[in-house]
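Across the two complexes that follow, subunit A remains constant while its partner is subunit B and subsequently subunit C.
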Partner chain A sequence: MIETNSIALVFFAFLLVIGVAVTVQRNLFAASMLTGIFSLVSAALFTLMDAVDVAFTEAAVGAGFSTVLFLATLALTKDTEKPGVKRPFAATFVVLLTGGALIYGTLDMPAWGTSEAPIHAHTASYFVTHSITDIGLPNIVTSVLASYRGYDTFGELLVVFTAGTGVTLLMQRKGLFRPGALAIPPKSRAPYVREMPVVRAVAKTMLPFILLFALYVQAHGDFGPGGGFQAGVIFATGFVLYGLIWGPAKLQPIIGGRPVQGLMASGVLLYGGVGVFCLLMGYPFLDYSALTPDHPVHGQHYGIFLVELGVGITVSAVMLIIYFVFSVRPRVGRGAGELGP
Partner chain B sequence: MSIVETIMQYIGAALILGGSVFCVIGAIGVIRLPDFYSRCHAAGVTDSAGAAGVLFGLCFMSAPLIAFKLITILAFLWLSSSVATHALVQAAYARGVRVENPRVKDWTHGQETSAKKEGEA
Partner chain C sequence: MTQAAHLWHYWLIIVLGMLGLWVVIAKRHYVKKLLGLSIFQVSVIMFYVSMGKVEGGTAPVYLPGEDGGVDLTAAYSNPLPHVLMLTAIVVGVATTALGLALVVRIREAYGTSEEDEIAAADRAEEDELHRQELAEEAL
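Coming up: the complex of A and B.
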């Protein structure tokens, strides 16, 4: 316990140092790499606290995907902060005030790992003692996430879906999703990574394994850390790797069309459809025992599989679309997209 | 714990210690070495030798299935991080980042600089 605490303290010190470094850093590339490292250290911290599923998501989304989004955006803009921007007193004051209020708020939180925390007082002990007989999955996190708390997860999925549609509506330009709208840029003096044979060869070798790993995470979520959210991000990461190396223009025939937009919605529809099916069978919404009334536990398994599949499909489609709209910019006046520098 | 297991534990500990030493050497190198390319080399030492030491050490301390997973991770690390270093250095070279160690002859842009000097003379 003392060891765990001291390791956690070291990680927290790292987080503090990285946080300060991000605010001081004027080079935006360095700052975005630092935010990625921040997420990675948080993921290590979550692992230390036995929250492996959360750590997995943090590593995949925070350290992996959002760093790529930052870099894709920076490739379209300048990579240093505008010089001469003063740090205004009022803004600093507001930030310090908010931070102080947040820290003051944590004083009321129960101590880390205490059994008297409110979260352990209500339903958690029921989940721990009953989930094996009710649902029968070794990973209680998946049981809670997909079955006991299926409503919440449905809400989260809707949030992801809304983010995807919002970004698409905001950033979509005429012709962006039309095949052939993106021109492959001519060779420049500084080589793109796609002109490096070693990078190309290794990326091609790794791509199928990344996609396979995503499917493994998707299917293995019942037994270990993982599930639809993580698998969706990893699956999208495979395509994003392809886009990073060969350019978004090559990715456009795959992502650009209607199918990916349709997938974005169909995952939500699958999740909601399972719920509606339960209703039609005369059970409560998202009570998967309705799927096989003779054997409720099997129904839970099928339901969780379908629901996680819906999560995975929507998350990966949303990630792909967000990466795609962020990594291309419109040619001024023509309405068609073009690659960043 | 049997003797074999104890020996495995010690081998694992020694390998982890070796890997950590490589990590520290890499970290010192990133700070101390004079220019971009040699710093990349130091960072690469952390990724390849450091990670290899730690992961192989953990292999000796764990069950066969976990050892197999660790070796898979190691293979992925060796592939990806060495390629990342390669891409980084090549991009820097193409953008004209120079070797700045005064004791090393600048072979990257040696021809250009000598041509310029001749022109100036």
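Coming up: the complex of A and C.
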């Protein structure tokens, strides 16, 4: 265990250095890229802590999608920060007090990595010992995510859907989703990238494989790390790559229409519909045994497949719409055009 | 000192989280605050995940057993925090997007993303309104 601990220590050192660099860096473009690296290193640390599914999600979301989102925002705002901080002593005092209280709180915690910790008792040990007979999937995380705690996941999916709706409402403009509304691409955005032959060739070669990989992650989530959340983000990332290189105006005919907005809702409806179907069959909400009453374990497989599909559809549609509304928004107000080509 | 040997993972995670919190409190630029918030978020997620780690355990995906079934005797890390946190990451990016959309709208309304400049603009507007009221009363 000494080796894993020293590897963890190296990763923690990386994270601290990157975190401090993000703090002092006044160029927000650089700070955003550093945050992407922060996510990637933390994904490595998650793998070390056996959380392969979390690592997968963090790598897809943190290092991939959210970095693009921050850069899209910086294109619409100013990308340098003014020097100086607000009430540095008060902030430092609050942070030291909070951190000190938290560290004092950990003194009562069981030692790190001990299998006797209370967190491993109760339901968690039941999931590990019984999920293979109850549900029959090798990946315990998928069993817990989609079946045992299907309510939670449904709620989380609703939050993602609500956030997507909120972003659309905030950034909505007239005719945003009408085909041809963006006939003239906004100036100063992706001006040269699409003319670079290397970038074009690499992107065109990679695109089908990214989408294929997303489908694999979606389908293989029952057996290994992966599932609807990761697949949805990876699927959207493929389109984001297309939009980054060929410009949002080219992306609009593909994803800009009403269908994607419909997909956003239909994933949630598919998830909820499975639950309602179970209710109508006389079973509890989201008890997938209702799907094949003769063979409950098969019903679990069908149910998990369907709700994971719902998760994948909604997550990818929400991510696509979020990227789309950010990328097509024209830069207005004071300081427009400050960002060089 | 024995406690330090057992708990240092948690302490380092707390230090990382406090770094993010400091950025959220002390920095003025809204995009920078959201960057700090995502660092804070990663640390909280890491805290939960690290509690689920079992020393000498493996990822919570069943290993093949001897008789064609699965190996139930192996030590698996706790899958429950993983489930809760992986959904939290996706929810986190969706809510970050909502925050960034607000930053864009604030920038369009005020022409800046710096907190103190926005507060100054608000104060100037209030003063202006107050002056107009006084002028109307005087008439």
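Assorted remarks:
In this text, the second predicted complex is superposed on the first by the 290 of 341 C-alpha atoms of A that agree within 3 Å, B and C clash if a C-alpha of one lies under 4 Å from a C-alpha of the other, contacts with A are read in each partner's own complex, and residues count from 1 in each chain.
Please note the rule applied: a contact is a pair of C-beta atoms (placed from the backbone, for glycine too) under 8 Å apart; a residue touches a chain by one contact, two chains touch by 3 or more.
Owing to the predicted nature of the structure, the values given are computational and were not obtained by experimental measurement.
Once the two complexes are overlaid on the shared chain, A:F235 sits clear of subunit B and of subunit C alike. In the superposed pair of complexes, A:Y271 makes contact with neither subunit B nor subunit C.
When the two structures are aligned on the shared chain, A:F324 is found in touch with neither subunit B nor subunit C. Look at A:P225: by the touch rule set out above, it reaches subunit C but stays clear of subunit B. Number of subunit A residues touched is higher for C, counting subunit B against subunit C.
Contacts of A:V199 after superposition on the shared chain: subunit B is touched, whereas subunit C is not. Across the complex, subunit C meets subunit A through its residues 3, 6-12, 14-23, 25-29, 31-32, 34-36, 38-39, 42, 45-46, 49-62, 69-70, 72, 75-98, 100-105, 107-108, 111-116.
Listed in rising order, the residues of subunit B touching subunit A in the complex are 76, 79-80, 83, 86-87, 90-91, 94-95. By the touch rule above, subunit A contacts subunit B in their complex via residues 189-191, 193, 196, 198-199, 202-203, 205-206, 209. The part of subunit A that touches subunit C in the complex is made up of residues 1, 8, 12, 15-16, 19-20, 22-23, 28, 31-32, 35, 38-39, 42, 45-46, 49-54, 56-58, 61-62, 65-66, 69-70, 72-74, 76-78, 81-82, 84-88, 91-92, 94-96, 98-99, 102-103, 106-107, 109, 111-115, 117, 119-120, 123-124, 127-129, 132, 138-141, 143-145, 149, 152-153, 156, 159-160, 163-164, 166-167, 170-171, 223-225, 227, 229-230, 232-233, 315, 318-319, 322, 325-326, 329, 332-335.
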